[in-house]
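Order of writing sets the labels: A, B, C, D and E. Residues in every chain begin at 1.
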Amino acid sequence: MAQSILKEFNKGLWEQVPPFRLVLGLCPILAVTKSVENAVGMGLASTFVFVFSNLLVAMLRNIIPSKVRIAAYIIIIATFVTVVELVMQAYTYPLFLKLGIFIPLIVVNCIALGRAEAFASKNPPLASVADGLGMGIGYTISLAVVGALRESLGNGTLLGHTVFGPDFLPFRFMLEAPGAFVCLGLVLCVMNLIGKK
Amino acid sequence: MREMIKMVVVLTVLSAFSGGLLASVRTGTKDKIEQQVLKFQKAPAIKQILSDVSNDPLQDRFKIMDKEQELTFFVGKHDGKPDAVTFETAGKGFGGDLGLMVGINIESDAIIGVCVTTHSETPGIGSRAKDDPKFAAQFAGMTMDKNFATKKDGGDIDAMSGATVTSKGVCVAAQQAQDIYTRLKPEIQKQIAQMAN
Amino acid sequence: MFKQNKFTVSHAPFWHDGDSIKAMNLNIMAAALPATLFGVFQFGMAALGVICLSISSAMAWEALFNFVSKRPIAIHDYNAAVIGMMFGMMLPPTITWWAVITGTFVAVIVGQQIFGGIGGNPFNPAAIGVSILLLSWKNLFDFDAALLNYQFDFTALAPLAALKHQGPGVVELFPISSLVMGNQIGSIGSVFGAGIILGGLYLIIRGYIRWEISLAYILGIIVTAWIFNITDPSKYANPMFHLFTGYTLFGAFFLATESSSSPVNLIPMFIYGAMGGFLTILIRNIGSYPDGTLYAILFINLLNPLIDKIRPKAFGKGYEQCAK
Amino acid sequence: MGDYIVLAISCILINNILLAQFLGNCPFLGTSKRMDTAVGMAMAVVFVIVLAGVITWITEIYLLKPLDIEYLRTLSFILIVASLVQFVEMFLKKSIPALYTGLGIFLPLITTNCAVLGVCLINIKEEYTFLETLVSSFTYSVGYGFALILFAGIRERIILARVLKPLQDTSIGLVTAGMIAICFFAFIGMV
Amino acid sequence: MIKRSFIRLTEPKLKCDLVEPDPKEPEAIPIPPRMILLLNEPLDSQRESIIKKGDMVKRGERIFLYKESQEYVTSPVSGTITAIAPFTGNFGKVATYFVLETNTKQDIEHSFAEFAANPGIENADRYLRGIPGDPPLKQLADPENRYNRIMITGVDDDLMCTTRQYVLTRFREKISKAVALLKQLTGINDISIVIPATMANLSAFNGMNLVRVTSDYISSLPPMIMDKHLGTPFVPGKAGKDLDVCFISVEAALSLVRVYEDKQPVYDKVITIIDKTGKRSRVTATIGTPIHRILTQLGVETAEQDRIIIGGPLRGIAAYTLYHPVMPDMDTLIVQARGEIPRVSDYPCINCGKCVKICPSKVPVNLLVRYLEAGLYQEAADSFDLFSCIECGLCSYVCTAKIPIFQYIRLGKHELMKIESDIKTEAQDV
């Protein structure tokens, strides 16, 4: 039992790490990865939503009639998104400002709905939570990796600390919109390369 | 039919649950959020403008109803004498409203400084209005009889190159401040006098 | 019975006009030579260093990429060298060495190799390289930095930047004749208007670039700038000034005509070129950059696949229905 | 009038919903492999975004704001979008089958297109008036379609180019999208 | 080989060679002891052929492989079949070849005289498919085809070829007979003769419809003639039954005249041979003669890795063996020296646009070739006008990247035709 739960958790970390393997949830990974801080914030907010929506969906999986299941999932996800939104507004306001409309937009993040539909609606709550947590952490790590790349190259810093020394002229392109696309594209290529082995 | 009823019931209960949860979270965070907005959006701008005051302008604030709009004024004291007010006005930028905090010395009727609070401009270009010290510095020291418009429109302000609309938006906000200040000066003085007591 | 020879068996046609990618690239480099040599003469050994580093690092990057991706090393077709040369010609002589190497990496690998190498790039690789560099390190592209190092007997201001900041009054500081003869501040390869025209004409005569694009581009520049100029001469500079400053001519003859990112049909070529000229002037006059050539060219590259769908009706097309 | 034109140009070219605001990338990469699907998706997006923009704006101004329940915005908007898509799909199927065959398959995809919800939220966040909402919804979606169609044009060629295996498909698509975003920098500062 | 000129503002104009003003009589190649015959039908090991090794055939006798076979090859000599084997041609098309030992005694197939007394298109198709010039008798006899016009082409369809022009000038007096014969055979009254624009002394053609084409390359290709001179649209991808014009080479027309005049089969084909130095000679050889016979007699050297081209330099095919037989439509034989052979490359299209500029049928070659390279033939045909191509070979000739474009196009068409015919046979089976 414990082993299978661990398996559900692990798959989100590598095998099916959402933005790279499943190519889902690309918008936030492009938009909020200007710094590691934003990226991790976004990742944790998403994780919260994944975990709780998965939990609730799994708990209600036998009650929700299949005809309205998508609507029900959307309500559940939207509820938790709003909770996150309010909580972030109250406690981490600067981060909330930086993430902007991408917090409410977690609701249309395909990962949330995708996991609810593909996993939580068929599995018990515990496994679903493990799945949501795994996916969420995998997503957070992915965001953080892209964020670290963009922040360090584009700004010369990592979590606010200078990394390449004072003489480094930051490669600002990485922080601009085109840089986000190019960077993610190349990271995806590297992931494809690693995945092949 | 039974299924139909079930569907309706489930969705209603779900919605009710969601509404209830959100309402309670909302109530729990409401005050905190208001504080945060004040702290993170207004405070830095006010601090920047009234950098050498002896009091905390966030504490010494009052509200005046201007037409249908409620305006909050923050008062700055130099050597215990309240001689500066700051308040926020809005101009139109690229993608919507652009908030501008304007500080005015009530004795000389001259602008102490301006600072952009909120904006949703193109990253990298419009946001220069917030970061570009040269642009904002142009306003400092200007008295109320000056024309706060870009040189293109026959005023005294040099527009930021490549951000004409944003520059215009800032100017519009400044003109509004000018307008409000001239209109409400007696009221402001009255309030400040009250406060001093 | 005599001895049976082995014969070469291949497909028709058995003739070829003898042209090759290598010949094409060598010709392009030869055509770019007058402007480059003038740049070297004007800006000294620093400019030569930039050009050499740019060409060699571009070739090295391509070779490295080919090696890593296990493809046949193809630097002998001088394709990377051409990109390197174009890239180097667009740089100011004062640029630092590591920016050149990063830039050629972006141009050759991100701009072309990852799209499958020669022929696959949807955008002009050199333009991609320079524009990304420009986004990252604007200060390195300050042409006026040349002022510190050189003594010139002409107005040593980058004409377009001066125009942007000081208005069209500066146009008088730059007589057309001196602009044409290269008496201006700018990038290594783009200052010598006459040399670029010479090279461009050579390429046109040799049939290595499509004259329709260059012509339409220049006409687009002149017409648009002229319209702006007559509506308000106090705000907008005259067409000739625009034509001989910045990357305009270089763009018209060397950038916009890059084969894999430009259209091949007649009408699209005219639309493409004219659109490029129009956009260039639009960006210069009402946009935020002093020189809009690069972005204009990238944008028309973007339009290329779409406008190149306008093509003449193929032979006998449209008769299928009648026949049935 | 001038303001609306400025807003329109800004929404289509400068603040392009896709390339500058990063919204709606999944369907962008998914439907741009062929020109005809790109055109279909573009039209469907324009259709739905304008409808959704207007309806959510009305909901916000006449329902959420007066009742002071703005915190239910996300919830109500996503439900509106989802049911709108369903409704449009049913309506088209019955009334305009010709349009349905063209757009039908793209409609379900649109529910999860964050550009739709994104535009609705932007309209509210920027406190647009009704007319501005109309203009911004229309032009944002046109900008989306414009970028999508241009991208499809390029992608049709890239698919045939000799792109290395690990770079193929999404990876090279993203890099190309980045370059398209550079192209759109051309318009910065124009309004 | 015509190299790129220094100035290349306009597209290169390739000129077809004109026949020399006073051509020499062709040298006759004697009938060799061993002949090779090609039959356009694959050998099927499952079935029993009606023709066997050791069988005797007579001059003019038709050789069928199987009982129900439609395709036949006529034996040009009397002899004994010593070998039957499969032959692989272009695109892996499989045919069958027969080796024939020539008998000393030559006699004519007995049914031939009977046939020759009875002119008619059906009969002509039954006996005369293999005569020099390769007349399109099968198409003319097919009742599904509705031709209402015949063009006798006295111009060659490739750069260095002059055989048809030679035949036209040499036998111009017989043209009127050919026209009359074709009218009688086919019942089609509208018959024109295509002649080079430069041809003088036209008295022999009095009263006939003449179409004069310039010596620019491709103006002599049938689609071009239809488009320029007849006002009949060229229809992409359609042959035979959808066209109303039938093209027949002047040599074929004259062979028909000879057959009916002499009441005996003819098999001596006029061939122009161009050696490595560009020297041109002309021979008449019996169909079925291995080409090494011709080359040896003329003293044309061939070396390792040279190329033997059957047909012209832009549209011909390369032979891989000197035992390739003389075919009814083999007008020209070119030996290309090893050093002259242009190599193709593995480069992708660099979009230089030269092919698009030069393409006479306005095909978007730059895009077409990408789709063909990827094997997307159906898409190439649907959206990129594959079938508008008139197969002139100019795109490959000018290609900077040296892509074998022409071959890709032929392959694409071939594959599509194959799919189509597969579908047809399946439909028939059902």
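One rule holds for everything that comes next: a residue touches a chain if its C-beta (ideal position, glycine included) is under 8 Å from a C-beta of that chain, and two chains touch if they have at least 3 such contacts.
No experiment lies behind these values; they were computed from the predicted model shown.
S.K.: My parser should flag the chain pair with the most contacts; which pair should that be?
M.R.: So the pair of chains linked by the most contacts is C-E.
S.K.: Measuring between mean CA coordinates, which chain is farthest from chain E?
M.R.: Taking each chain's C-alpha mean as its centre, the farthest from chain E is B.
S.K.: Averaged over CA atoms, how far is the centre of chain D from the centre of chain E? Could you give it in whole Å?
M.R.: Comparing mean C-alpha positions, chain E is 58 Å from chain D.
S.K.: Averaging over Cα atoms per chain, report the distance between chain B and chain D in Å.
M.R.: 31
S.K.: I'd like to verify one number: the distance from the centre of chain B to the centre of chain C, where each centre is the average of its C-alpha atoms, in whole angstrom.
M.R.: 47
S.K.: Roughly how many whole angstrom separate the Cα centroids of chain A and chain C?
M.R.: 41
S.K.: Of all residues in chain C, which are in touch with two or more distinct other chains?
M.R.: 110, 114, 116-117, 119-120, 132, 135, 287-289
S.K.: For chain B, which residues are shared contacts with two or more other chains?
M.R.: 18, 22, 25-26, 123, 125, 161-163, in rising order.
S.K.: Specify, in ascending order, the residues of chain A that touch 2 or more different other chains.
M.R.: 71, 75, 78-79, 82, 86, 176-179, 182, 189
S.K.: Which residues of chain B touch chain A once you look at their complex with the stated criterion?
M.R.: 3, 6-7, 10-11, 14-15, 17-18, 21-22, 25-26, 29, 32-33, 36-37, 39-41, 123-124
S.K.: Going by the contact rule set out above, which residues of chain E touch chain D in the complex?
M.R.: Chain E residues touching chain D: 348, 370-371, 373-374.
S.K.: Give every residue of chain D touching chain E within the complex, in rising order.
M.R.: These residues of chain D touch chain E: 157, 160-162.
S.K.: Which residues of chain A touch chain C in their complex?
M.R.: That would be residues 169-174, 176, 178-179, 182, 189 of chain A.
S.K.: For a test of understanding, state which residues of chain B touch chain D in their complex under the given definition.
M.R.: Interface residues on the chain B side: 18-19, 22-23, 25-26, 92, 94-97, 120, 122-123, 125, 161-165.
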